[in-house]
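There are two complexes below, and they share subunit A, which is joined by subunit B in the first and by subunit C in the second.
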Partner chain A sequence: MYPPKFGYVIPDTIDEAVSFLKEHEDAKPLAGGHSLIPMLKLRIIRPSYLVEIRRLKELQYVRKEGGYYQIGALTTHYDVVKAGIPLLSDTAARIADPQVRNVGTIGGSVAHSDPAADYQAALIVMDSSVVVYGPKGSRTVNFADFVKDVFTPDLKQGELITEIKVRDFSGYRWAYKKLERKAGDFAIVGVAVLAKKDGDKVTDLRIGLTAVSNKGVRAMEAEKVLIDRTPTEDLIERAAETVMKSIEPPSDLRASSEYRKRAAKVLTRRALTELLR
Partner chain B sequence: MYVGQKVRRKEDYRILTGNARYVDDIDLPNQLFLAIERSEVPHARIKRIDYSDALKLKGVKGVIVGLNLPLEGRPRNFPMAKDEILYVGQPIAAVLAEDRYLAYDALDYITVEYEELPAVVDPEEALKDEVKAVEGRSNIAYAQTYKGCDPEEALRKSDRTVEVKLEISRVAPSAMEPRGGIVEYNGNRLTVYASTQSPHYMRSFLLKAFGDRVSDIRVVMADVGGAFGSKLFPYPEEFIAVHAALTYRTSVKWANTRREDFLSTYHARGQTHNVKVGFNKDGRVNAVIDDLIIDLGAGWHGTYLADIAATLVTGPYDIPNALVNVKGVLTNKTPLDQYRGAGRPEAAFVYERYMDVIADELKMDPIEVRKRNLIRNLPYKNPLGIKYDSGNYLALLEKAEKVYRDFERRAEELRKQGRRVGAGLSFYVEQNNFGPWESAIVRLLSNGRVQVVIGAAPHGQGTATGIAQVVADELGISLDDVDVVWGDTALISNAFGTYGSRSLTLAGNAAILAARRLKENIMKLASGFMRSDVQELMYKDGKVINPKTNQVMTLREVAEKATRNLGGVWRYRAEPLLEASASFGFDNYTFPYGSHVALIEVTEEGKVRVLDYYAIDDIGVVVNPMLAEGQVHGGTIQSFGEAVLEEVIYDKNGVPLTQGFAEYAIPTAVESFNMKWEYMEEGKSDAPLPAKGIGEGATIGGPPAIIRALEKAVGKRLTRLPVRMEDLA
Partner chain C sequence: MKVVGPEEKVKITLKVNGNVHEVEVEPRRLLVHVLRDLGYKSVRVGCDTSHCGACTVMLNGRSVKSCTVLAVEADGAEILTLEGLTKDGKLHPIQEAFTEHHALQCGYCTSGMIIQAYWLLNENANPSEEEIREGISGNLCRCTGYQNIVTAIKAAAQKMRA
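Moving on to the complex of A and B:
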């Protein structure tokens, strides 16, 4: 676990970082490094340079504007926890362990696009978008489109994520349920739920899952089971069942596909019961 | 009396202040770093190794390939694969370079051409012996039969029989500090700084291999960041590093990365038991027949683990007929060896599982079934020839039963609330104090302090504190005046080390005997100093007293008088001998016993949470209840890991999937739980210090209690360690 030789660059500005990354094809931006450094040490990646963006203050912020939260890409998970953002803060609190949360960043996690990252479940239901900055300027991409596949973000050489935008779901109730083998482990399944009720009736419901596909998925069919209806135990069960049927999770050493499906059902039912009953 | 007191550890200051010195903290002038090229395939024939490009790198001093040395229980391709690769992680080449980054970079420039061979992964497939795992030899590297009385006939005559297949997966010992070492080159003498449980044994095996090239190898044990059995026996890297130092005439350091440690540190457990049990309607067990397969990996030095498990298959129960057919099979996996418990957890899992299975089959209370079979009279010779020594099994079981009944009642209440909760109890008998003997030296230093050198090699257990308590009591002096040192072949001539729950008992008894001899020497000296006949003197509370004259000399006074007057002459008849050595061994093992009781909840999705936990042990005299309890706590958390989290996983092609802590799950503080520990002191040995050892008990008693509680919580029979979450959902 010793990395191959690499150069280390500390740019003063985002523009400097972007232009350096553009010029050096194998260079990688270093944010919190909680995915990058292990890959480097295992020699899975062999970058020519690491471009340290970690300390760029202009990407460390959480702002609320026009019904949206704007989160600087270099905001740590711990700062996301502290920001009190509906659903997202509670999700960030379940990421790995305190060491990771204190150093790892939301932009880094989104750029890494790990299919089992906790954020994936929340961001997929929060009308989120990703602001990307590169040599040609800034562009904004829907989160759902940004993650193209396993470890495959919509980022070109020289581009950086500068901001994650999520809708403010104040007035909703929410929950993030995570099943893990032990504290600090990746999710076997994670289920994020946002729910809004008017009287007895569910007016909006959003269910997002992580670790069940190549990227975060939203269980729209299951949401429809409850939207505009009064939640009953039966309906919740049906919605949970629908979640289970809608996914084809992978099998790996943490869990079989079949078990992930069952667990997704249990976690969904638990979240819905907590929020709606 | 210090023995029996919860005395604080004497070892902690350096460790807690960050001043411990592990092997990788040690650097020597002119040292080169050794990095090892390891196999990425499980089984292959090597055609060619090209390392010419590696040698071209600036700072690379040499590359070693094809080193083969004969060592018992290892294949021909040891310590390196020369012509056949036998498992993923096996050393193929080694680079010596000026620093570790260069050394690891150079590994990228080594090309190994090989032809892949089919890998043997599943031990039951290996048993068919169709595809050979290791160098064309038979996969059945070991076969042994243990038989007592007439088990086949007793099984036939039983009212009922039951057959169950029990699987115990491979685990990785996972010490916090990966293995490593430094070889200091001094011409024909070497000093090896090692992360080891036995510096003396390491010296022996290195001298056996390199005795024709060196006159001596001194081994110094650095601080060891955990071992759990995994740092006792020799490893390829140690031979490669010594060979490198001798060949390149320079000091050499190597230090495993975590991934290397997962791939190369001997795995443990890895047993399958097909058990048939014959019993009567009243719950009495007549016979046990067990077909035991041990998955040895690419070596056959771990066979004794099957022997220990086999000969304890009847456990603490009076079962007159037993038969165990042991088969040790070779596979293309990391070799197997010991890990905390070493064979006894496997045995306990088997006998406690079949006790619970019988209870379920007969719809009887599991404690009642145990009571009907429990050994009542000790000593007791089990049908496979093992002689249990002392204790009162029933008294201990009855204490544990009280807790179990309470847990059962609480489980029942919680089940009424719709929760999935169960209680489980295990009872175990342990064989420990693996010998043959241990040594100690007790010295009176010139300032009056007492130094004890022990041959045991503790690495976290707190043994030095325990030994200091024992010696302070024997000499009647303050604990603060006793220092205990260990871990250097230059400190004490012949010794064994720390393994098999032996150190405090064997080294402690050796230290008592040495202290007694030291007292005799001191008395002789004092008789000269006090102008008294030695018969007139008595020793009490660290003082030599002449009751007739009321003359008194403290140990310090004796020491100072004997060691002053530099340049003078020695006028006394007695030899100025201020030290004494002794050794101690038992003619049988010791057999502590105990019980674990668990109250466990399982969520709907299969997540396990221990609600309450109790353990009780009888290890004879408990020297330091705080240290003993610490051993039980640590061991219990480790058993929780083994029962529900830890498993070395290979894919069907023989590639290990658990190569780091991201994949291999060990329990954290969050999974930890409250537990209560009690002890009895009935089962004493007849040694001067009648203690038996507690280092491993919890890893033996833990898993069967946890599995039983899980089984009761989810209502289905569980036969595998670990239980996967999905088996509980």
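Moving on to the complex of A and C:
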């Protein structure tokens, strides 16, 4: 499979990239390319130009400041894994396979907004935000609002993601449970959980899911079942049941809606049991 | 800023196994095809969809699937293919271990598998069986059932640590 013909731009700065993208409506930024290049090969898209932002060093960093991690958009999944960020690093470690993680970037994944992307489950529970830079300067959007729909990020032509921000959940316990058809595949269902206990009591609980909707979802009703309570097997079962009832997953070639619902319940129960019991 | 038009070619430099190549490519050319055209035939096109890993090469110290990298993205990069592992006709310890432990049958996945093992052992000199299996999870082999590949990588790790 060969990609269609396109022009290629290597900008020296973010501003050059932004102004070229703004002036060329059908140009696309190229980060790690591990969603974009397959789409080109399948001829799903035919951009006039690719703007190679991949090598812009100023967008490759992980910093910790004021209780938040700031992650440059072009940080690879490999580097996110190495950064030791609660929940997010363990989630990144489950993306695809090592070679893909060596190249794919967190900003690229968020911009692609695949409803089954692993990051969606974690980011939706981490008080995350997305820093967007464009011709009119910089703006920050809550992650929950940034992903508007399937493959639909809140990005206008000429805008780029420059940073992902997540809260530092040190002091919490966490787990990312992923059910996949085969090694390296997208999730059939993915469940990310952050939990904090004080003595026997659950003081905070966050449950995020991927691949069950048009974007990552947070199961707040299910969280309430356990917050301020002492977790018992019964309560965990009830919380898992609540997750199942709160979602209406799509059916596709990976799994039926009904199967996804049940899988979400099982994965939630496993995560909660591991973290709370 | 460098702009290459849709009908234009671009001159790139690739350093493959220490050899410097200057080639003119269309921006849409994939790295795997350019490497094969340069004679590095160990780099294989398998699934062509970034699943199977037969096209795995080292690019600036990290293993990548060269069917999902544009050649122009690799401009100026250092690339290592299987051909580069053999030094003065002597096999690399990973290659030796693959031979000794019968870690291949048809051989199509082998070059990618060995390059991935090379990356894995750079990252982790003493991987557990589970870490080896995770480390080669992006490389598919339809013949061996992986058992002998895992054994070979474990043996190579031991040899390389000695």
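The criterion applied here is as follows: the second predicted complex is superposed on the first by the 277 of 277 C-alpha atoms of A that agree within 3 Å, B and C clash if a C-alpha of one lies under 4 Å from a C-alpha of the other, contacts with A are read in each partner's own complex, and residues count from 1 in each chain.
The rule is short, and it goes like this: contacts are C-beta pairs under 8 Å (C-beta built on N, C-alpha and C of every residue); 3 or more make two chains touch, one makes a residue touch a chain.
The model shown is predicted, which means the values in this text are computed figures rather than measured ones.
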{"item": "Partner chain in contact with A:Ala183 - subunit B first, subunit C second, else both or neither", "value": "both"}
{"item": "Which of subunit B and subunit C A:Ile37 touches, first, second, both or neither", "value": "second"}
{"item": "Per-residue touch tally on subunit A - higher for subunit B or for subunit C", "value": "C"}
{"item": "Subunit B versus subunit C as contact partner of A:Arg139, first or second or both or neither", "value": "neither"}
{"item": "Touched partner set for A:Tyr49, first subunit B, second subunit C, both or neither", "value": "second"}
{"item": "Subunit B versus subunit C as contact partner of A:Leu267, first or second or both or neither", "value": "first"}
{"item": "Which superposed partner A:Arg63 touches (first subunit B, second subunit C, both, neither)", "value": "neither"}
{"item": "Which superposed partner A:Lys5 touches (first subunit B, second subunit C, both, neither)", "value": "both"}
{"item": "Which of subunit B and subunit C A:Tyr259 touches, first, second, both or neither", "value": "first"}
{"item": "Common ground on subunit A, meaning residues reached by subunit C in one complex and by subunit B in the other", "value": "1-5, 38, 41, 97, 183-184"}
{"item": "Of all residues in subunit A, those that touch subunit B in their complex", "value": "1-5, 38, 41-43, 97, 179, 181-186, 188, 253, 255-256, 258-259, 262-263, 266-267"}
{"item": "Partner subunit A, residues of subunit B touching it in the complex", "value": "100-101, 104-105, 108, 257-259, 603-607, 645, 649, 657-658, 662-663, 665-671, 725-726, 729"}
{"item": "Subunit A-touching residues of subunit C, taken from the complex the two chains share", "value": "1-8, 10, 26-28, 30, 48-51, 53, 56, 62-65, 68-70, 72-73, 116, 119-120, 134-135, 137-138"}
{"item": "In the complex with subunit C, residue positions of subunit A that touch it", "value": "1-12, 16, 20, 30, 33-34, 37-38, 40-41, 48-50, 52, 54, 78, 96-100, 102-103, 183-184"}
